[in-house]
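Handing you this structure, nothing more for now.
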Amino acid sequence: MRRRRLRAAVALAGVLIGAAVAVVLVAGPSTPSPAESALPASPRSALAPENVALGPRPAAYWAPVVADTVARSRPSGEVAVAAVPRRTPEGTANIVLILGGAERRSGTLWVRVRAPGLPDDVRGWVPRSALGGYTAVRTRLVVDRARLTATLLRDRRPLLRSRVAVGKPSTPTPSGDFYVRNQLRKYESPFYGPVAFGTSARSAEATDWPAGGFVGIHGTDRPDLIPGRVSAGCIRMSNRDIVRLARLMPVGTPVTVL
Amino acid sequence: MSDLTLEAVDRDGVIAETFDRLTGGTRADFFGKAVVGGAALAAALETTATAQDRHTANDIAILQFDLGLEYLQAAMYSEAERLRELSPRTLEWSRVVGANERGHVKAIRGLLGRDAVKSASFNFRGVTEDDRAFTETAVAFEDLTAALLKTQATQVDSRRVLAALVSLHSVEARHAAWIRHIAGVVPASDAFDEPTSKAKVVRLVDSTNFVTSTPRTKGRRKPRFTG
Amino acid sequence: MVSETVSHRGHSSPDDRRSGATRGQLLARGVATAGALTAGGILVGGLPKLAASKPSPEQDERVLRWLLEVEYLQAAFYGEAERREALRGELREFAARVGEHERAHVDSLEKTLGGNVGQPPGFDFKSATTDPREFVSTAVDLEEIAVAAFNGQVPNLTTRRVLTTMKIVSVEARHVGWARDLAERNPAPQPADEPATQAQTTAAMQNTGFLE
């Protein structure tokens, strides 16, 4: 019987099934397997995948606003804490930071976000359907008004350091937690240098500014004023530094101003 | 400065191009890990991928399509794991399944080398933040991927690529059964699982509206910041 | 060129993958002395080189006959479990449903072979078909054997037979996911399932102790 011949052909015992690793055995040349039942092994797979764990926790998640909405103090609540429009004054997609928190009310999913506010970003709930897809960022920018420096971190490690000019005493750069909302370039304005970032930060002194008094991070045609406290709230760095920053700092990056 | 990543110094992308060619890897993989110098560089050059093998155009197309689907699954599980809005039980299986799906992405990208397509952008529309929706969607996509791989198995030219698809296919079926079991649904209802067509996959993916365009966060208007 | 033997992890993987071992590393470790037991417990060497040979209808038939052997073992196991009526609750449902599938697989393969099949072999399952814990762990083992056996042979088949076998192994993989969850083991410990050679499957089936 074929079975008995196979068993005889199996030289050693010791195949463990269950918790242990199975041991491979094949007949030695003395008792060849019957030719008609010897099947070939399959071709070697072109892939050898391994599990991939998630990388380090991102610094933040952001999402674009796809429909004009209002952030409320509670999911489906009555108290509005901020308008959250679809567009920024610069015509780009408005974005919010995702804080975590998801609640269903009457079939609608609400999520907790951070949006521009005064004097600081506001926290509130918006319908999930008002937002687009979530994107993770690994970077964070820390602006130190005392030291007049800006440090870009990625996965908590410093990537770039730069001297900056910040708001003068009568128009200070606000302190707090904000985030980068957009990036502008090719607009030809030496005052702002080659690249400018819009943030969620607003100057309390400049709320009547045409575009709402948002604080930007940008280049300058007055590098001689860096470092210094000279601006109307914006954070200025040299054109060389702002270009470097533009290559490394994606939109959505949280900005902490100390 | 010693911890500077390659991306920071590689101004014109020349270094990255060179390594892409040598490793069949992707810039993103490389920039994620490589520190200029020594052992890390050598490690980055090692690859188990057979990117040097010539694939037929047919097989490349099949693998690219698979990669698109694996990107979607991996992104969904990764986002769920990161956001932590789902129940601990769900997060538990999501972590294991996600690690497998991310493994699939990495392996297929390695195999395709320069022919690897980029991932789409996704809006999961709350599915990664709601237990029931997440579980249902996960099952649907595991079933779908297993079904697609059956069809593709009959279409590939290379038997080594076939062996690869076969090895992934049974894992997707394990996932499907597992998730169903947890959800209280019969893990295996029929004796034979049916294949599905690429067209049906496209229709199902479209119906989720998960694939989204990248938001326009860059502009050219003159800034009107406070200054 | 190393021989085509591959790691047999498809049979019954430990729930945690051995740290860092890729297929390449396992093979490299294995090509040592004939009959040597490596640190990982793998006996490699002294193996005939089994090159993957081209698909053909004649080979298809041999492959399907072989896979039928695997299905016979499973069908008999679940069939006996059902007949002996010792299982309760979900295990009972599992035996009934999975058994139905395996019988359908047997029918399908027998039909493809034109009914030209011998008698199914006899098996002695002892308490594996009545004791709940043994039942579940045996189910895991048998389903893992099936997945690895099928995965090992699909690439050897002609295109005509690839689809049918994929349709079957897909369900075997669902069975194994279900059974492993019942056994409170990780249903999908690896991103890719390893194929088994005929010899590996034979050895695993032998070792169940069920073959008469």
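Chains here go by letter, A, B and C, matching the order in which they are written, and residues are numbered from 1 within each.
Everything that follows uses one rule, which is that contacts are C-beta pairs under 8 Å (C-beta built on N, C-alpha and C of every residue); 3 or more make two chains touch, one makes a residue touch a chain.
Computed from a prediction, not measured in an experiment: that's the story for all the values here.
Engineer: Return the chain label for which the distance between chain Cα mean and whole-protein Cα mean is smallest.
Structural biologist: Looking at where each chain's C-alpha mean falls, the closest to the middle is B.
Engineer: Consider the two chain pairs A-B and B-C; indicate the one with the greater count of contacting C-beta pairs.
Structural biologist: A-B
Engineer: Between chain A and chain C, what is the separation of their C-alpha centroids in Å?
Structural biologist: Computed from C-alpha means, the inter-chain centre distance equals 44 Å.
Engineer: Find the geometric centre of each of chain B and chain C from their Cα atoms only, then give the gap between the two centres in Å, rounded to an integer.
Structural biologist: Once rounded, the distance between the two centres reads 28 Å.
Engineer: Could you give the separation in Å between the centres of chain A and chain B, each centre being the mean of its C-alpha atoms?
Structural biologist: The computed centroid separation for chain A versus chain B comes out at 18 Å.
Engineer: Two or more other chains touching the same residue: where does that happen in chain A?
Structural biologist: Answer for chain A, listing residues that touch two or more other chains: 42-45, 47-51.
Engineer: Which chain B residues sit where two or more other chains touch them?
Structural biologist: 48, 99-100, 103-104, 107, 159-160, 162-164, 166-168
Engineer: Which parts of chain C, given as residue numbers and ranges, touch two or more other chains?
Structural biologist: 22-24, 52, 151, 154-155, 190-192, 195
Engineer: Within the complex, which stretch of chain A touches chain B?
Structural biologist: Contact set of chain A toward chain B: 42-55, 57-58, 61, 64, 89-93, 95, 98, 100-102, 104, 109, 111, 128-129, 131-136, 154, 157, 159-160, 167, 171, 181-189, 191-192, 196, 198, 203, 206, 209-211, 213-216, 218, 231-234, 248, 251-252.
Engineer: Once bound in the complex, which stretches of chain B touch chain A?
Structural biologist: 3-5, 7-8, 32, 48-50, 53, 78-79, 81-85, 98-100, 102-108, 110-111, 121-126, 128-130, 158-164, 166-168, 212, 215-227
Engineer: Would you tell me which residues of chain C are touching chain B in their complex?
Structural biologist: 22-24, 52, 97-98, 100-101, 104-105, 108, 147, 151, 154-155, 159, 162-163, 166-178, 180-182, 186-195
Engineer: Okay, in this complex, where on chain B does chain C touch?
Structural biologist: 48, 96-97, 99-101, 103-104, 107, 146, 149-150, 153-154, 159-160, 162-164, 166-171, 173-178, 181-182, 186-188, 190-195
Engineer: Where on chain C is chain A touching in the complex?
Structural biologist: 4-6, 8-9, 11-12, 14, 17-18, 22-24, 37, 40-44, 46-48, 50-53, 59, 62-63, 66, 121, 137, 141, 151-156, 190-192, 195, 197-200, 202-204, 206-208, 211
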